[in-house]
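Submitted below is the structure of interest, expressed as structure tokens.
Should a chain be cited, it is by its letter among A, B and C, assigned in written order, with residues numbered from 1 in that chain.
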Amino acid sequence: MQWETVIGLEVHVQLATKSKIFSGASTTFGAAPNTQACAIDLAMPGTLPVVNEQALRYAIMFGLAINAEINQRSVFDRKNYFYPDLPKGYQTTQLDHPIVGPGVVEIPLSDGSHKSVRIHHAHLEEDAGKSLHDDFHGMSGIDLNRAGTPLIEIVSEPDMRNAEEAIAFAKKLHAIVTSLGISDGEMAQGSMRFDVNVSVRPKGQNEYGTRTETKNLNSFRFMEKAIALEVARQIDLIEDGGSVKQETRLYNGDTGEARSMRSKEEANDYRYFPCPDLLPVEIDDAVIQELRDNLPELPDAKAARFIARYGLSDYDAELLSSDRATAEYYETVVKACDDSKLAANWVSGELSARLNADETSIAHSPVTAPQLAGLIVRIKDNTISGKIAKQVFEAMWNREGDADTIIESKGLKQMSDSGELEAIVDQVLADNPDVVEQYRAADDKKRKKLLGGFMGPIMKATKGQANPGMVNQILVKKLNT
Amino acid sequence: MAIDKAEIEKIAILSRLKISDQEASELSDRLGDILAMVDTMQAVDTSGIEPMANPLDASQRLRADTVTETDQRERFQQIAPATEDGLYLVPKVIE
Amino acid sequence: MHNNTIAELAEGLTNKTFSSEELTRHYLDRIKTLDGQFNSFITITGELALAQARRADARLANGDAAPLTGIPIAHKDIFCTDGVKTSCGSKMLDNFIPPYNAKVIEQFNQAGAVILGKTNMDEFAMGSSNESSFYGAVKNPWDTRCVPGGSSGGSAAAVAALLAPAATGTDTGGSIRQPAALCGLTGLKPTYGRVSRYGMIAFASSLDQGGPMTRSAEDAALMLNVMAAFDPRDSTCIDQAVPDYSATLNDKLDGLRIGLPREYFGDGLDPEIEQAIQAAIKEFEAMGATVKEVSLPHTELSVPCYYIVAPSEASANLSRFDGVRYGYRCENPKDLQDLYTRTRAEGFGDEVKRRILVGSYALSAGYYDAYYRKAMQLRRMIKNDFMACFDEVDVIMGPTTPNPAFGLGEKTNDPVTMYLEDIYTIAVNLAGLPGMSIPAGMTGGKPVGLQLIGNYFSEARLLNIGHRYQQATDWHQQIAAAAGGEK
């Protein structure tokens, strides 16, 4: 049997506001437990919520970026359930009247084509706190710093057909929200979390299969693995004559295993109703217009501009425009080194590989954009070769200083002293009299090849620091006389 | 509308209220009386009427995005039943 | 001293007839000696009161006193008071000491008023008799075998027994007006959004409103001048200028158009109460008002509507009481569910549990449209009824309650009959209108309340009407024998 996978995503994006969605407590990441949970966040009796204007504006910006309809009247609802990280016993969210209506996100596929993924809606809501499962004499600890952090939940239609599409969609959302500056996009800190709805059906069948929801995936890698795991599980189940049960699942990134969530097993009934402590949110045309006029450059537009202005390939342009920090980094490098191609090679090549290997983001790169530009300038002015540059980059990554300092301290400067180089060339020629003979007897084409043969020993003698152009000149001069 | 014991037990779970078997029976009667009274409103035709969530039909006022709160953990946790290392303690949370 | 209104006491303070400290001690002594028979206070804040009184005396001496500076006030135990236990009448909050003040308390502190203590109330304001309090029933000073009404029963009894010159209350379905009526007081529920709900423990958010309970309309105006204020922390609080409610108390009533809803004078109304109300209407006619019959056709349906809306909102509002961050927590919970279900079963009383269950039921899958949505539609129809009346009249008048104070324990076994006692007051909350009850007669030695309902933000007019009536009559000056009439 040929199976088709159907995937829909629910994406939680923490908005980059300074304060919480309903209180004036700070949203800074990493504070000591419960030091950023004010009376409202703790659901102290009698406390009341007031909506953060910036959270609303950020949600509208997202809607505009995906060409969605902005609902000029949206309503906050209470979603009732008990959980220790949910102090009020309900989550304030939007059910029937979300701020952002249907929209579309274009995703690039590996074959160079594009696909449209429909967005069902996006709504504003508050984040919950965290349960820490370290053992406190058999108890769990609750940290409510995150409680009340503004989120938009973006709900896609089940338009994706494999993990690749789901990842491309997730990456595109990341690119959009970071380009807009409405989220820091720091996945490791939970700024973007994915719930993946997966079902399978026989190829050609119209009805969807029963879906499961794997919750709270916070990296593209985990998402890819979790999808593969779940698709295989569902197909196995069905092929063994069983059926898929609608359930919520939890993927463990450490073990690479997934399981059904016990806390979600019991039938829930969220008893949504409009929150009487908040009033309907009305948004003026003027506010929407103002946000539309000032919308930052979006990833697609940015990629097009990179191609036109910097002469980049589609691939490089897509990659470098994929999030705001990367794009800004790239453009800073270009500005300082004045070489868009070399800059693109370095950012999408060496730097990106190093960031991946260390699982860090460009915002936390130990090599800053001006530093990388400094390195590229030294390649361009022949102070170092491309090969040596990688060595310098490695040292820069290890925070040993900027390019010039490292080149100086490690003595990596190309040897450009013609007297010194001539002596070395003379020595190599003297060591290889037969090759010299062959060269002198050969035609132009063969001469070129033989010339190359001298480079190896010369570079070896100079520890790779010889300026290849100069060596070439000296060789030609010596061999032709 | 009558409400049977099983339904009482279901909403008691949703509401996180422990009730005994006997309480469930009593509540079934009491809530039945209340719901019978409440059900008199079913006779009214409300079609086409916009539900009224707020008496003044006002709209939400917005708050500027500024941090106005300071750390008061010490004060807040003085009135908490169980804390350790700044965390609120609860019986083990199983996801 | 205790026979005086706030207005009179303020004069005494200004003229240095007595100091705030003397006044405060006097009331504290009265509470100590007399409250055993009424049970109107949950907490008496003696030390705080005296400290505040001394500060008030300094302010009075400096000449920067506000009208309520140095006046002792009792607060319903639903308003959070920084450092002072705020129980909301519940075991759940018996150990709760808020680290913040309600906006209303801030307002009184700023005005230099003195907090005498926190008054008894139905648990989480759910009740019409003050019998659902964890701290025991409150007794009506007019007849201690009877209830004082509820849920602001402690505030009503305290003022009626002259244990405090005035008190704050909250009104979700009549919880200020009904006990005011049953205890012979002036009680005003302002327009929804006029008084901040910040720090006022929520029962039903879209209905709750704080207001004064006093011995005259003039005093209620003084209290409302302090209580009414815009508060950006309450999204439902209306940013509208607060008038000086005292300034228009003496305006003439010539041409005042009074509407009498026919539905308020039908079956179920005690005939003596009806007589008293008709007599009061005659007084207004004598003052130049005109009277006509109006109709509020959905009056009867306001009770079922309310008993969906209020419990639904309450079921969510009371979810925060889970034994995790403050308040009661059951002993040795064996797991998380045990912590929740036992904490809540042990911490809440029967009436609160009933309403949580009704609310959960009304909101649950399959019932939402038939109950909650339907009730919210009905709510608009009820509001529209009032709006249609206000096209024709300036104020609606009628009885506050169908019966005078009933016996303790008389209705506790029959919640629905108890709910029907609120038939005249509930619709006002559903519509968010201001309503006031003033004493307008006696029946069998128990007070009768006349209810005045005005259009949105017409508090000044209601107080003016009440004040003119109180200039012409002396029902509000009657004092319960148990209070001891001597000065």
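The rule is short, and it goes like this: contacts are C-beta pairs under 8 Å (C-beta built on N, C-alpha and C of every residue); 3 or more make two chains touch, one makes a residue touch a chain.
For clarity, every value in this text was computed on a predicted model and none was experimentally measured.
**Q** What chain sits nearest the middle when you go by CA atom centres?
**A** B
**Q** If we define chain centres by averaging CA atoms, which chain lands farthest from subunit A? Would you check?
**A** Result for max centroid distance from subunit A is chain C.
**Q** With chain centres defined as C-alpha means, what is the inter-centre distance between subunit A and subunit B in Å?
**A** From the centre of subunit A to the centre of subunit B is 40 Å.
**Q** Using CA atom averages as chain centres, what separation in Å is found between subunit B and subunit C?
**A** Here the centre of subunit C sits 23 Å away from the centre of subunit B.
**Q** With centres defined as the mean C-alpha position, give me the subunit A-subunit C separation in Å.
**A** Averaging C-alpha atoms per chain gives centres 57 Å apart.
**Q** Scan subunit A for residues touching two or more other chains and write them down.
**A** In subunit A, residues 39, 42, 44, 50-51, 80, 82, 84, 142, 269, 271, 276, 278-279 touch at least two other chains, as defined above.
**Q** Mind pulling the residue numbers of subunit B that touch at least two other chains?
**A** In subunit B, 13-14, 16, 53-54, 58, 60-61, 63, 72, 76, 82, 88, 90-94 touch at least two other chains.
**Q** Please list all residues of subunit C that touch 2 or more other chains.
**A** 96, 99, 206, 232, 235-236, 315, 319, 322, 324-326, 336, 340, 360, 364
**Q** For a test of understanding, state which residues of subunit B touch subunit C in their complex under the given definition.
**A** 3, 7-8, 11-19, 27, 30-31, 33-35, 37-42, 44, 46, 49-56, 58, 60-61, 63, 72, 75-76, 78-82, 88, 90-94
**Q** For subunit B, which residues count as touching subunit A in their complex?
**A** 13-14, 16, 53-54, 58-69, 71-73, 76-77, 82, 84-95
**Q** Please give the residue numbers of subunit A that touch subunit B in the complex, ascending.
**A** Result: residues 17-19, 23-26, 32-39, 42, 44, 50-56, 75, 80, 82, 84, 131-133, 136, 138-144, 250, 261-263, 266, 269, 271, 274, 276, 278-282 of subunit A touch subunit B.
**Q** Touching subunit B in the complex: which residues of subunit C?
**A** On the subunit C side, the touching residues are 95-97, 99, 191-193, 206, 232, 235-236, 238-239, 298, 300-301, 303-305, 307-308, 315, 319, 322-327, 329, 333-342, 344-345, 348, 353-354, 356-358, 360-362, 364, 370-371, 373-381, 383, 415-416, 419, 430-433, 456.
**Q** In their complex, what parts of subunit A are in touch with subunit C?
**A** Against subunit C, the touching part of subunit A is residues 39, 42-51, 78, 80, 82, 84, 87-90, 142, 269, 271-273, 276-279.
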